[in-house]
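Order of writing sets the labels: A, B and C. Residues in every chain begin at 1.
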Amino acid sequence: MAEPLHAPAPAAGAGVPLLDVQGLTKRFGGLVAAKDITFQIRAGEILGLIGPNGSGKSTVMQVIMGLHRPNAGAVRVVGVDVAGWPPHRIARQGVGIVFQHSRPLHRQTVLENIMLGLLPDKLLKLVADRHVREKARQIAERVGLGAVLNRKPGTLAFADLRRMELAKAIARDPQVVLVDEPFAGLTSTEVHAFAQLIADFRADGRAVLLVDHNVKSIASLADRVFAMYLGERIAEGTAEEVTRDPTVRRVYLGGGIDIASRPTRPARNAPLLQVTDVSVLYGKAQALERVSIHVDQGECVAVVGLNGAGKTTLFNAISGLVPYSGRISWDNSDLRGRSPAAIARGGVVQCPETRELFGEMSVRENLDLAGQHLTEAQAAAQLEWLYDLFPRLRDRERQAARTMSGGEQQMLAIARSLMMHPKLLILDEPTLGLAPVILEQISNALEQLRNTTSITVLLGEQNVTFALPHADRIYVMEHARIVWEGEPSAFAAEVAATYL
Amino acid sequence: MLTVQILIDGFAISALYGLGAVGFTLMFGVCGVLNLAHGATMVVAAVTAWVVAGQYAANPWVAAVAGTAAGVLTAFATYFLVVRPIERSSSVPAAEREIFVLTGTLLWGIMIQEAVAYFYTDNPKTVRPLIAGIMQIGGVRTPINELVIAVICWAVIGLLWLLVNRSKAGKVLLAASINPRALSILGFELSRVYLLVWTIYGVLAGIAGVLLATFLGASSAQSSQLTASAFSIVVLGGLGSVYGSLLAAYVVGYLETLTAYLISPTYRTVPALVLLVLVVYVRPHGLLGRR
Amino acid sequence: MTDTIRALLTSRSVWIALVVLVVLSTLPWVVSAYILGVLTIAYYFGVFAMSWDLLFGFANEVNFGPSFLIGSGAYAAGLLNAHGVPMWVCLIAGGAAALLGGVVLAVPALRLTGPYFGLTTLVAVLLLQQFIIIFASSTGGEIGLTMNDILSTEAITNYWYALGFMTVCGAVLFALSRSPVGLILQASGQDRIGASALGFNVVKHKLAAFCISAVFSGLAGAMMVFYLGTASVGTVVDVSVGVQVIIAAVLGGRRTIVGAAIGSIFLILAGEALRPLGQLSTFVVSGVALLVILFFVDGLMGLLLRRREEP
């Protein structure tokens, strides 16, 4: 039984929306990950769902896929409410998904991987229908994998692995296609090719949902954009409208870029941290490409860039958590070969994006642990100083870390890193998901830190407005590369407009 | 009379089970390793104590220390020869690491068991009680040794509690069971933490093995049964939960004693097994397990 | 269809299997009846190991107590036969009993993750063992059960039965592993979410894998006790039996089916060859298996097929 490869394309916008999400709400314990989300995608339409980490966009996608059951709301695929269905049923109802990270079957060839997407869910299929192989071949050729059909995924280039994911997603000819971070890790030529493939999906008459961190990467493809923050809708419209929307700008840029009152810093000292030509590969994906930065004694250097640009990877390389090529030297000695613990003890302490707190332990216990490398007296003094810096922590000394609010947890994470008396503090996205009032408190603490100690800070932030007042110098990262370097004053003039 | 006897016997055997189980669950909670050479480790400790007491005519306490030391050495051997190489091996896919460690420790346990049987036969070995003699408790004649065992087990468990909750090293262990990566970035070498855990494990298993030798005797043929008992108790109590293991040890210990006295010694292990099946079906993470 | 035949003809595993089979077929004219007897046991173990490999290598479920399934089949057949039921009915009943056991194992498995499932399978074996010992009056307890019928009194006939049985089971299991069903199983085992997203009911397929593994194990267990003439805890239920099965499959090479059979033959022949060492033979075999796990992760088949494997 031959099935057409392309679904007949109805007039775009006509009839029942292929994907209709109404009032979708999802809670995880006390956390509301998505609240009352409503949107529709019609045949031949591409909707971009954007938001920073923690915005809830991934949760929405996972609910549509069937990985979670929503607490409220409906998800209709071609008119049928699939909320709460198991993923395999939703897939067969007509939803295809391209995951953010490729997940091939390593022991099977490209052709077999795609064929899998064409097989019926039967227990007794001992021999595949003849047409399955042929159809798999056609799909492979459509996405540009015709030449590598008999290779195993381990030998494929990164872009080809992504193509295979696209192929698997459309194998069952779905009406709705969900694509998570379509262009992550691709070179600009590859991005162009992929954008074309996705546009072809639209031409097929499918409804496409693109999920990504920011508008910029999908602006040219998306017909409409739906922006989320902290689980709620903050804007909806064309890509241009959303980019100009004041709430969206505030969320991403933190508001107007004001560099008015900045204290003067002492003259340049010797570079303390020197990162030279560092590259990192995650499997095949180029997470960092020949990045070079330096941080001088006493400076605060900000690395700004959107989620996925590579900031965390850079920090992880410095902290010894991921293998890298290139050279990283600290205080004139090469950090290569040292264990992460040794690097931390050597004075380079990272406060990671995920905070990595010991949830079941109390605030005091978390801090004490970090202070174990100091003498009793030093630890006690440091603790007092930190409690002055973050009074809230003193109040919640005996409270279990995981019962605290996001802002308090962030303060604890920073305090814990400071407990180690670092020479270089690496702060990765301290403002992620926090309310403006807490941001101010953390900003003040950072200010106080810099005024009272000689600490050197490397700050990674998506929120430029938070970073600017503190930074002596700024690096801008995009797609694993440094694309701009300079002083904050120059930033406002040169980069700010195109940042989002 | 019978009640008191059951209470006493049950208490002693449960304490012994508890000690073994606590080591096992600690190993899983902090290192993520299910050591299937557990029973064999206990047997090595028991047999060493027997050898030292017998061939060198040492007093039981010296033999006990020797046995415990043997337990620690066996634990180190398990870590350095089997577990660590597998965990660092690049040819084992990350997802299968756990299974390889399980199979590896299983094989290692068999090797130890067979080696012990080869040199010392698989006849049960007993060691003279640490304190000989009988005393009357509630009208029942009880070997003082049983009380000694219970006291030692609880003393050790108490020391462990103090270590984990009141000492700096203990806090590090606790943290390792929650989030090893965070410990790394706070400047703690995980390899040192693991070494500490294996040492503690060796001591616990060693003492348990020696005490077993003074109480019921131990033979290499019992290795897998001992491991299986520890498993069952730990699963019942909740993998990774020390309190759970202790609670479960007492549940199992008393179930076994009750069955042995009231029904028949042959059916000793049945109720506990049935309970285990129920738990696995109804509440897989055990009585006090985290999930 | 031609694609399938081409795939089979170019598969190195198939050629290795064929070569091995040809060699094994010539043995009755070459070796003694004693060796044939050892090999007969090895072939039944081969089926045990191949069934285990289907479950582990493909569905990614570690069964630490394959002897639960083997023993269920063996004892079901044995008990029925002791009451006069004809052999072929007993064999079918053995398969069915093991199937039931497979379902019983699958139910908690599909809800458990990590080490819990492995522990459950071990516990199942212990339970079965206790059960048999406690009801010793009917089951013969630790001494064992004597069968009323046996396959044959001739070593050579028994050899052919066993070799034939292993070949048939092997062919079926291998075909399954290379079929679309096998592909779906691999996907279900390797990447549950990915497989679901592609439209496959992972639970259904894993359950099927359990059942298939169970039926073959039980059937082989039943065949083996009809060969031996007795069913005892030590030969079909004990944890050590299960351990040997696992070692054989890993030694031979996970996820190859053929490897599991080769591993069993190698393991049992090695055990025989080391018999003069007496008690140390188990020690040596375990030691070798441990070394394989540490250094030759892909087993014998991995060594034989190495040139074709990609990193």
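Keep in mind that, in the parts below, contacts are C-beta pairs under 8 Å (C-beta built on N, C-alpha and C of every residue); 3 or more make two chains touch, one makes a residue touch a chain.
All of these numbers come straight from a predicted model, not from anything done at the bench.
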Overall pattern in which the protein chains touch one another (line/ring/star/complete/other): complete
Comparison of A-C and B-C by number of C-beta pairs in contact, larger one: B-C
Between subunit A and subunit C, centroid-to-centroid distance (C-alpha), Å: 46
Centroid spacing, where centroids are CA-atom means, of subunit B and subunit C in whole angstrom: 32
Subunit C partner contacts - residues on subunit A that touch it in the complex: 65-67, 86-88, 91-92, 97, 99, 103, 105-108, 112, 115-117, 119, 121-128, 130, 133, 152, 154-155, 168, 171-172
Residues of subunit C touching subunit B in the complex: 62, 64, 107-108, 111-112, 114-116, 118-120, 122-124, 126-127, 130, 133-134, 239-240, 243, 246-247, 250, 279-280, 282-283, 286-287, 289-290, 293-294, 297-298
Interfacial residue positions of subunit A with respect to subunit B in the complex: 319, 321, 339-342, 344-345, 349-350, 352, 356-361, 365, 368-370, 372-373, 416, 420
Contact set on subunit B toward subunit C in their complex: 28, 34, 82, 85-86, 89, 91-92, 98-100, 102-104, 106-108, 110-111, 114-115, 117-118, 224, 228, 231-232, 235, 239, 266-267, 269-270, 273-274, 276-277, 280-281, 284-285
Residues of subunit B that touch subunit A when the two form their complex: 168, 171-172, 174-175, 178-179, 181-190
